[in-house]
Structures are given as structure tokens and as C-alpha cells.
Amino acid sequence: MDLEFTLEERSFREQVRTWLEENKPSEPRPKSDDLEQRNYDLAWQRTLYDNGWAGIAWPKAYGGRELGTIAQLIWFEEYAKAKAPYLGANFVGINHGGPTLIARATEEQKTFHLPKILKGEVVWCQGFSEPGSGSDLASLSTKAVVDGDQLVITGQKIWTSFAHIADYQELLVRTDPDAPKHKGISWVICDMHAPGITIRQIPTIIRGAEFCEVFYDEVRLPLSSVVGNLNDGWSVAMSTLSFERGTGFMAAIIELTTTIEELIDIARHKKSPDGKRTYFQDDEYRRKLLSLKAEIMALRSATYRAISRNMRQDAPGPEGSILKLVMSDLNQKLARLGVDILGIEALAFGGSHRDGGVSTAAWLGSFSGSIAGGTSEIQRNIVSERVLGMPRG
Amino acid sequence: MDMMQSPEQDEIERTVAAFLTEKFPVRGHGHSFKRTEPEIADELWQECCNLGWLSLGLSEEAGGVGYGLAEEAILFRELGRGLAPGPFLSGVLAAHVAATAGDHELVAKIISGEVRVALATPLNTDEASASFSGDISLVHTERADYAVMITPNKSAIYAMENVAVEPVDSVDISLAVGRAKFDNVHALHLVDSGASSLYERALILAAAISVGMAIEVMRISVEYSKTREQFGKPIGSFQALKTYAAYMASRCELAESQLFFAALAVEARFESARSEALAARFNANEAARINGEHAIQIHGGYGYTTEYTPYRFVTRNHVIERIITLRSAVIDAI
Amino acid sequence: MDLEFTLEERSFREQVRTWLEENKPSEPRPKSDDLEQRNYDLAWQRTLYDNGWAGIAWPKAYGGRELGTIAQLIWFEEYAKAKAPYLGANFVGINHGGPTLIARATEEQKTFHLPKILKGEVVWCQGFSEPGSGSDLASLSTKAVVDGDQLVITGQKIWTSFAHIADYQELLVRTDPDAPKHKGISWVICDMHAPGITIRQIPTIIRGAEFCEVFYDEVRLPLSSVVGNLNDGWSVAMSTLSFERGTGFMAAIIELTTTIEELIDIARHKKSPDGKRTYFQDDEYRRKLLSLKAEIMALRSATYRAISRNMRQDAPGPEGSILKLVMSDLNQKLARLGVDILGIEALAFGGSHRDGGVSTAAWLGSFSGSIAGGTSEIQRNIVSERVLGMPRG
Amino acid sequence: MDMMQSPEQDEIERTVAAFLTEKFPVRGHGHSFKRTEPEIADELWQECCNLGWLSLGLSEEAGGVGYGLAEEAILFRELGRGLAPGPFLSGVLAAHVAATAGDHELVAKIISGEVRVALATPLNTDEASASFSGDISLVHTERADYAVMITPNKSAIYAMENVAVEPVDSVDISLAVGRAKFDNVHALHLVDSGASSLYERALILAAAISVGMAIEVMRISVEYSKTREQFGKPIGSFQALKTYAAYMASRCELAESQLFFAALAVEARFESARSEALAARFNANEAARINGEHAIQIHGGYGYTTEYTPYRFVTRNHVIERIITLRSAVIDAI
């Protein structure tokens, strides 16, 4: 066991920190959920690329730095500490679609797509969930029929962030309706400009509309859009996470850490409702703040440990579900404590949860943590069945 | 001893609920992220006043219907259940303050709907006073002629004509919320809260709103869980959701029971009346808050949208738990 | 709605209070889990009977007072307020077996058994749970074979309080192994002195051994011991609770109320670990105490409401499960807060949880609340399925 | 950066665990409600000392094995998992205090098992002093020649020869617990806690015991849930129990990670070392306490008996969470 970073790693951290401090955009990311956001996000990605910071762990052949897991971890940590812009429209390409292509795509697919992603030329989105397939993702029913050298897609996806400003989509479709549910799915690169696609933005409680519904009406894609083998899409989708080995999680931890410190600072200065002392002088609030801080510290430590564990094995284990489960619980607790301490000020909607920090909007945003990307109920099932070996229901 | 509603009380519940369902159906706001319409349409407000909603618990001598606090609590539970907008709570409380002060003319204007009253919560003091200075949080600021402030020892009505209200971009866009700095604003009326159990009434009616929200947000969640299917069966058949639901029901049962126990204790002038009222508020707030949180979780992604209604209860509760007295002060006084 | 009691009810309350104050035993109940307890409990029951306080709601024909639900409620309230002795070995006879007999037994059975119970002549115990049938009570397998005019019983029961000092047992046995599980059970009065019965006391974390295992090796009972029809025992067992209409619950509420007040009093006087102020002056502990008090008040109100509801209907509804669920949660919270405030003093085992009050033993005792008489997991299923109508799993 | 155990650390874990399983199997006490046997048999105590358990983390110059705090934490996690009785924690801490004071003779006597040390927790002050007066809670009082007291700023060793110990009927009957009133008792050694990170070490090793208990009580509960059947299937297949178990695993994962992070942070002399150690203690206490509560619930009626073992973890934790520093003081200093 060892908490030290090597000289090389420390020097890399120093470079990242300095560059981000000097080069992160001075303009905040637009809140408009439209092309303005797309332009901002892509321009920032281009800047990262031009300065050699795109694709820290991606192969050099496609424009990445091809550094190891620890460098990736350092990048995420420093990125979050610098409060550099939320990845926004680049998120799926950089953290999800791109890594999947690296793991499973053909040379041709990789050569075509990966540099575009790193250079900030395209926006990717995800097409996994469907109205009838949320927690039970594998029950998806959007169908793709092979017609010569084409796939003809009909169906509907939901909760697709940034679909309305995206160029490509990592899309799960059912290519064999007769196979068992995990065996008839394919992972497809969908051209979002193809005819037959319509998009509807969904309004959310954080007063945004980055989530979309996507409708496919006989959308034709070349058969060569399939990544991995036809009907093997479930395994392709599951291979995504193994790439970053949990380092991406560190960014969220840093945000939590920054926010609890911010809230403690607010509590040290803000008078409690009786006007006689600060919230931090109130024993109840102080202990809530500090015990939450202790839990966040432990989550940080567990994330380090998960990364260490993942570095020793090919694929990350189900323990990652513990981190996600606890993360969303702690984030909700923190956001709730935030609006408690804001008191009457919290009546105003204020800020945006993507900026992190303490706000009513951040509290509303925190509700999504235990739903998106696999509900907490599903995470608990995974932990109990796959980490602890308890029997299925 | 009988803690169940009488047939007459059931009738009040039914009448109010039917009116609300017809006139104020609970809907998501969709892409409307700011308030564009009035908090309550004038004719609707008038109609509610004509139904006697502001004077239900006022004595007949004071021009009211003459029911008790339990009946008022039933009305406000239904208003909470239906997420009714409009200055009902502040109107009722102001009418009681005016009646206590013997100002029958003002009572008449309030209960007839002729004047409207905002609800004022002081920020850095816990007492209303004859000449008030300080920061104030206001709800139902729209067209408000007066503001009513109910605090543990004193209750007051202030005229709003010379007060500059700064609108707040309320998290619940269906309510008109604002802030104001009172600078030596003179009370039109200042009365002892104890005399007519004004503080207890405020706590109990606010609790009634919360209880109504807790019940309704549970109901829609349970209904959703019966129809939404995953893994080939209704999600309501999974024990995780049953656990949430069982505790939602428990919170409703306890909060509603305490609400009415407190209402009766206040009417019967039990020595413990204030403590009972505070306990009613505490339990009701917890029920509305936690049930709302579970409702979003049960609705999954849909609960995160403004097209479904769970967020309406969550955001309304966010306002309701911040009126009259904040949480720690409620607990400290139990 | 109405919180008032009638003049008659208030006068009854006054009589109960005065009598209990003057006549409750000055000697505490022995903690010995043996015949000494039996003698104490039966003597106290005899005293109650002799003074007209046995069987408040039981029919006059069998020695009861035949008063209504409200009188029963008042009795339980005053009994708890007076801190009169824990019913102990009389519990099953008075609160469970007796009421079942009243509801379902033959005239002969009632005439024989009920007066003995009221007069403190016999101890009853319960034989429902089995090692393999806890939450799934209806799966019980202790079998009873009809042999002429006798039943021959073989099997095992567990968690039988006071079996070792009991005379009779309300016993559930399987009389038809081929019927669906709820349809082949009979409710039998078992003579605990019958040959073939052996008993083993089970040691518990509260350092007591009132729970027993009971083993039946071809125990012969007259067929006339069956209460209700043969194979109809499940419905007989379910009819028990309808008798007292939830009033018995009130005693537990009064105990909770007394204990929270006692704990608040301790907190007002006991210095917190820093030695600078009392626990009640510590905002965290004060708010924990007072919010718990508020929850206990609400549970009391809900119990009043449940009694009111039950008075309007033939059988109590499933809402009773809410009360039991919340009761055990609050009792555990209270007991835990108790040992927190006792601090280092709580290292000593101290008192007995049956005396109520704040003690380490009470904390250990509180663990049983969410297990005995139907676990909290089962109560939550009942509430969600039978109160809210959610679908079975 | 690597937070996983090295092969050498795995070997320490295996050796200690195997010894404990053989020599100190965890059993229920059945009908024995009072302690009748010594806390630890003399020959067993000697054997453990011979294995170097009291000197694992002591420098070689001080006569120790020369491992770090992480290895000590592994040892104590295993001692916690195996519910080992005996004055291990107090012995190790006292050896470090004596080493800090330069008393190599005492160090040798402690680590060889020649003298035994009780663990003292002061009741109404938070600092050890050269001449101590006040109420003390003691664990491992049996045959104790000394008592070690570790407080945030000062750490001390006191001779027990003239101290009258009043035995406490400990809720965990496998531990010898007592109370004493110190009346101007002079410290044999009084050192700064900061110098050798004594307070941090005490927090971390106590946390290690709790982490071990949290892990083991989870393990036995999960195993039980796989074999116990109700309604025709293992109770571990019900989602209510899966929810408990998933959070038990989460608590273990977080508490254990924080334990080792803190141990490494103390060794590396991070500025935040104390805060990390306090956070380790807090998380470990929560994990041991709540996992123990769930373990009883999962075991149902059997969990309420002294024939099964969940209560052993619950009662041991009850003692462990009351040593060195109580909960609110731990949190307040994070």
C-alpha cells in the first residue's frame, strides 16, 4: 500500500495544473441547451487537442497521449480542481462512445471516428434507454432489420442527452427478436443526420432540456455501422467501462469535496435563523457537515482503492456499483443540507447544478444521481448479487 | 373520543376536493420555466371566497361559517393535496388576526376576497412588532394589499402599499414569492398570538397543507408503481419500492393523525396545545419532504421531468417548509 | 372528530388510577425466569380479579367486566402510566389466547378456561412459530394426526415465551398435510403437562431465557381441544387481534412517552463529554430528543385514530401494521439515543428492558421489536400490499 | 499510488486470521451471562506476544518488527474480525508511548507480554496530564500493571498498583471493563501525542478493529441469508435483505478504504493526517454499529439469542465505540 505518486506523475500533475489554470475558458459554459453550447463545448475540446490534452489514455495512433491509468486519474483530479468546463456535449464521445470504439471497433471505424472526437469536430450522444426499458435495459425493443448492406431502424430512445445537437449516436438496437434478450442486441454507430430521425427535447426540473426523446422511422444506416459482431452488442456495451478503470469517478469526488468545503465556509459565516450564531456554531449543523465531510473523504479513499483494484485486473468488478450508490446518496445528502442552510434564500431557483456548488438548482439536480445510469435500486441488487453472491430473486 | 371524520367533515372534504379537481387540476409545467400567468385567476379566487373558504373556521359573530380548527385543517389538507395556488393560508390567518383585533370591516374585506394578503416570514428575528424593521420573505405577493406575520408571541397585519417587494425566481413557479426590507413599517394590527391560538393555527394549517401533499404524492406514486412495468412485472411488486411506499403510508398516517390531534387539542385548550401544534408541523414537514423525494425516485427519469407531477409536490413543499418558522426553531420549541 | 371522554369514561379513569396507585405491588417483578415469576404474575392477576379489574372487556359470564373499547383503552393507559407490573406470564392468556377463545371457542371450552385465566390460576403460552416457519408462519409443519377421539402431535415450536412455566398453550398444528398451506392448520389447546412434551429455554441478549423451544413427541390431546373447526385454525388465529381493537398498543405508547421524558430529563442534567454543558444544551442531542418526542406524539395520535377506526368496523384493518412498524423503529431510535446519552455509563449491562426506562438492557431489548410478532419486513409488505394495494412479488 | 495490500501484507492478514480462527473461534456465550473465564488465557497471551503482535509497528531500534501503521491496521482489523479479547490495543499503544518516552526497558516488558496494560478513557476532560484526577473508564483491567491514556494533545502511562478499580458488568462479557477514580495519579510517562502521531494511531487502530467487525458481521449475515429459507426460497433473495446487505458492503468498502488511506496519510505526515484519522474512526464506528444492527435483524429471532454470534459483534462494538474519544468529539474535530 502506498499513497505516493512517482516523480514523473507529480511532474505530469504540475503540468496539467499549470496549463489548466492558464488556459481554461474565462467565459462560463452557456446554459442555453442549444447550438451555442455545442460550439462552446467543441471549441474547448479543440483547444485541449491542440495543446496535447485530449485523450490522455487514448492510443497515439488516433491522436491520444497513450498515458496510463494514473495519468488519467491525475487529469480528472486536476480538471475538477481547476473547475474547468463541464464536458457537456463532449461527454459521450470522450468518456463513453470513444472508449467503446477503442475497445471493440474495426481499424476503419476507429481511424474515421476517434480523431474527430478528440479534435472537437463531432458531438456524440447515447441511445440506450427506451420508454419501456429503463432499469431493464436489455428488454429494449427498437428494432433494426438487415436489408442488403443496410440496417433499417424503427423505434424510440429516451433520456438521450444532447441528441438535438449531436452528429453521432452509440445506439443499441434489437437485431434478433427471437434470441434471448441479451443475445439479440447490436451496438451501432448512428448518423444523427440520417433521414427518419426526429427529436424532442424533454423539460426537466433543473429547467433544462438537454435530455431528448429520439424517434426512428425506418432510418437506414450502412451495415458497416455495427461495432463488434451483429447481435453481440450487449457485450460491446458492457466493455465500455473497463477502459477508464474508474478514474472518471474522481472528478465527481473532487466536486463533492469542493462543495462540502464551500458549504462549511457558508455555514461559518451565515447566521442561523435565530440570528444569534452561525450555522457552524449550531451543534446539529456542524456535526451534519463534518460527518458528511468524513463520508466524502471515505468515498474518495474507496475510489482510489477501486482504481488500484482495477489496475490489477482486466475488467473492473461490480464494486464500482458501491461507489455509484454511495456517491448519489452523499450528493443528495449534501445538496439537501445545502438548501437547509441556505434557508429562505433557497426559495430562489438560482445557479445551475452543472456549476456544482451550493444552490437550490444543485439540490434539484441531485435527484438524478440515484436514477440516471442505473438506479440505486439496481446498484444495490448488483452489489448484493455480484459482490456478495446473494441469490437472485 | 373519536379521531375519525364525521359525515359532515367528510362532506367538506368531498366538496373541496371535487372543486379543486375540476378547477385546479395538478399538471406539470412542461417547458414553462418561469411564471407567466397570475398565481390564481381573479374569477377563481372570487369563486373560492364565495364558497367561504377564507371564513370556514371564523366564528359566526365575526362573519364566518363557524366551524372549528379541525374543519379548517380538512380544507387546507385538500388545498395541499390539490396544490392550490393563491393566498388562502395568509387570507385565513389574516382574517383571524383581524377578528382578534375586532376589526370586522377588514375581516369582511378579506373573506369576501376584496383585499388580498401575503404571508410574511421574518428572517432574522422571531417576533412581529408594532413597528417592524428587517428582512422579510413573502409568499403570495401578487396583488397583496396586506401582509400577515404570525410569530410565537405576536401576530400582525402590515399594509403593503409603501413596501417595495423584490420578486424571487421561486423554485415553485406557481407561487408569487418575494423579498422585502421593512423599514419601520407600522402594524395595522398587532395582537397576542396566544389569545386566539394564532401561532398554533398557523402551524396547524401549514401542517395540513403538507399532510395533503404527502398523501397525494404518495397516491400518484403508488398508482404509477402499479402500471409501470420493468423485468416483466409492475415495479410496485419489487420489495424496494414496497419499502418506500410502506414508509410513505406510515408518515402520512402519523402526520395526519397528529394534525387532527393537535387541532382538537388547540380547540380544547390543552396545556400541551402549542407542543402538539409544533409536533404536527414537524411530522407534516417530514412526511411531505421525504414522500416527495421518494415519489421522484419511484417515477425514475419521468420524475425528473416537468411533464410528470412529482416535482410539483417537491417544489411546493420546498416553499411550505420555509414559511412561518424554520425547522430547527420548530423542533427546539417542541 | 372529538378528543373528549364522557363523564362516565372520566370517572372510570379516575377509579382505575386511584386503585392502581394504591394497590400495585410494591415488590418489583422477579427477573428470574422461573417459578418465582409465575407465582408473582399469577398472584397479581388474582388481585386484579378479586378487585374487579380482570377482563375489562371480557363477557361477564366468564368473570369479566364487559365494558367497551374506550374503557379497555383507559385501562391500558392508566396501567402503563402507573407502571404497574409487566403482564409477564399472564400476557398470552389475557391478551391473546383468552380473546381468541372468546371469539371462537365452544361454550364448554370458554366456561372451563376463561375464568381460570382471569383468576390467575393458569399460565398460557403460544405455540405458533417453528424453526423453519418464522416470517412464513403458514408453512408450519408440526403435525397432528387424528387417532379416534385424540390428536397425536409431533414436531417442534420455538420462541414460546414462558413455556417452561405454562399450563396451556395455544398451538397451531398441521392437521391436513395435503391441503393448501393456510387450509390444513388447526388451533389447539395444548395441555403443557401432557406426556411427550420437552422444553428447552433459549438464552437471549437481554440475559434472560423466557423464550423456549418446545418439542412434541407423539403428544396425545383430546380431539375436543380443537378450537373452531378442524383445519380452520388459520382463521381462528387471525381472529385474535380483532378483539382488543388496538387498545393494547396504547400501553406500549405510554411506555415510550414515559421513557422519552425520562431521557430528556437525564439529558437536562447530564454533562456532555466535553464537560462544559448538558446534553440538552447540545443542539444535536436536543433536536434528536425533541424530534423523536414529536414522532412519539404522532404515533400516539395514530393509535387513537386506529382505535377510532376499529370501533367503526368489525375487524381491524391492515393499518395496524403501520403502528407496529413505526413503534419498533421509534423504540429502537429511542433506545439507541438512550445509550448514546448514557455514554460510557452504557458499558454496564444495567436494568432490565421490561422495566422500561433508559438502560443498556433496554437498548438490547429493543432489537426484538422489529423481529417478534412479525418482522418489520413483513409489516412493510402488509402495508404496501394490503393498505396501498401494491401487487404481490 | 496503490491502495491494495501487497503480497507481504496479504501474508500478515492470512497468518493472523489463521491463528485467530484456530485459537479464538467466535462463539455465542449461551446461558453464560457473566464472565467466568479470564479475558485471555495466559499461554495464549504469551503466544500472541511471541508472534510479535504488540511490536509489529514498532521500529527495529525500539525492539519492534519495523512495519508501518498500515500493517498494524491489518493486524487490528483481523483482531476485530475475530473478536479477539485481550489487551492488544492498549499494549500496542503503550509500547508506542514508552518508545516515544525513550523507556526501552518498559517497551521490552510490554511487547514481551511480561506486563499488561489497560486502556483508559477519561470521562470529563479531554486531556491526559502529569498528575491526573478524575473519573476513568477502563477496558482490559484484568492483570493490568499499567493504564495507557491517549488524548488529542497528550498521551500517558499510569501505574495501576495504587488504583482501585471498580469492575463493571460489561455488556460484552468477554472483556474486563472497570471504572476508577484517579486522585492525583502521577504519570509514569507523559508525552506529546503529536510527536509519534499517538492520537492518530489510537484512532486508526480502534477504527481497524471496527472495520474488522463490520466486515465479519456482514459476512456471517450474508452467509446466513443464503441458507435460511422462508416462503420457499433463501431469505437472501428478498430485496429488503439485499438492500441491507448492499449498504453493509458499502459501509465496509468505505470504512476500510478510509482506514488505510488515513494510515498512509499519517505515515506520510500529510497536513490533514489527524482529520483523516478522525474520519477513519467515524466511518468505522458507523459501519460496525449499523452492520451489527442489520446482522441481528437478518438473523431474526436467532439474532436475538446468545447462541448465534451477531450479538457478539454488537456488544463488542458497544465497547469499542466508547474508547479513546466519544462520537461527538470525534466529529467536532474532523
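For clarity, chains are labelled A, B, C and D in written order, and residue numbers in each chain start from 1.
Convention: a contact is a pair of C-beta atoms (placed from the backbone, for glycine too) under 8 Å apart; a residue touches a chain by one contact, two chains touch by 3 or more.
Just so you know, these numbers come straight off a predicted model, no measurement behind them.
Centroid analysis (C-alpha atoms only) places A farthest from chain C. In terms of C-beta pairs in contact, A-D outnumbers the other of C-D and A-D. One inter-chain figure worth recording: chain A and chain D are separated by 40 Å, centre to centre, where each centre is the mean of the chain's CA atoms. Note on chain placement: the centre of chain A and the centre of chain C lie 53 Å apart, centres being C-alpha means. Within chain C, contacts with two or more other chains are made by residues 282-284, 287, 377, 380, 393. Those residues of chain D in touch with two or more other chains are numbered 238-241, 243, 328.
In the complex of the two chains, the chain B residues touching chain C come out as 1-6, 9, 70, 218, 222, 225-226, 233-234, 236-239, 241-243, 245-247, 249-250, 253-258, 260-265, 268, 275-276, 278-280, 282-283, 328, 331-332, 334. The residues of chain B lying in touch with chain A in their complex are 29-31, 33, 121, 123-126, 137, 168-171, 177, 229-232, 235, 238, 240-241, 293, 296-297, 300-301, 303-307, 311, 314-315, 318-319, 322, 326-329.
Note for the complex: chain A touches chain D at residues 1-5, 9, 70, 73, 283, 286-287, 290-291, 293-295, 297-302, 304-305, 307-309, 311-312, 319, 322, 325-326, 377, 379-381, 383-385, 387-393. Residues 238-240, 243 of chain D are the ones touching chain B in the complex. Across the complex, chain A meets chain B through its residues 129, 132-136, 139, 158-159, 202-205, 207, 209, 211, 271-275, 282, 284, 332, 339-340, 343-344, 346-350, 360, 364, 367-368, 370-372, 375-377, 380.
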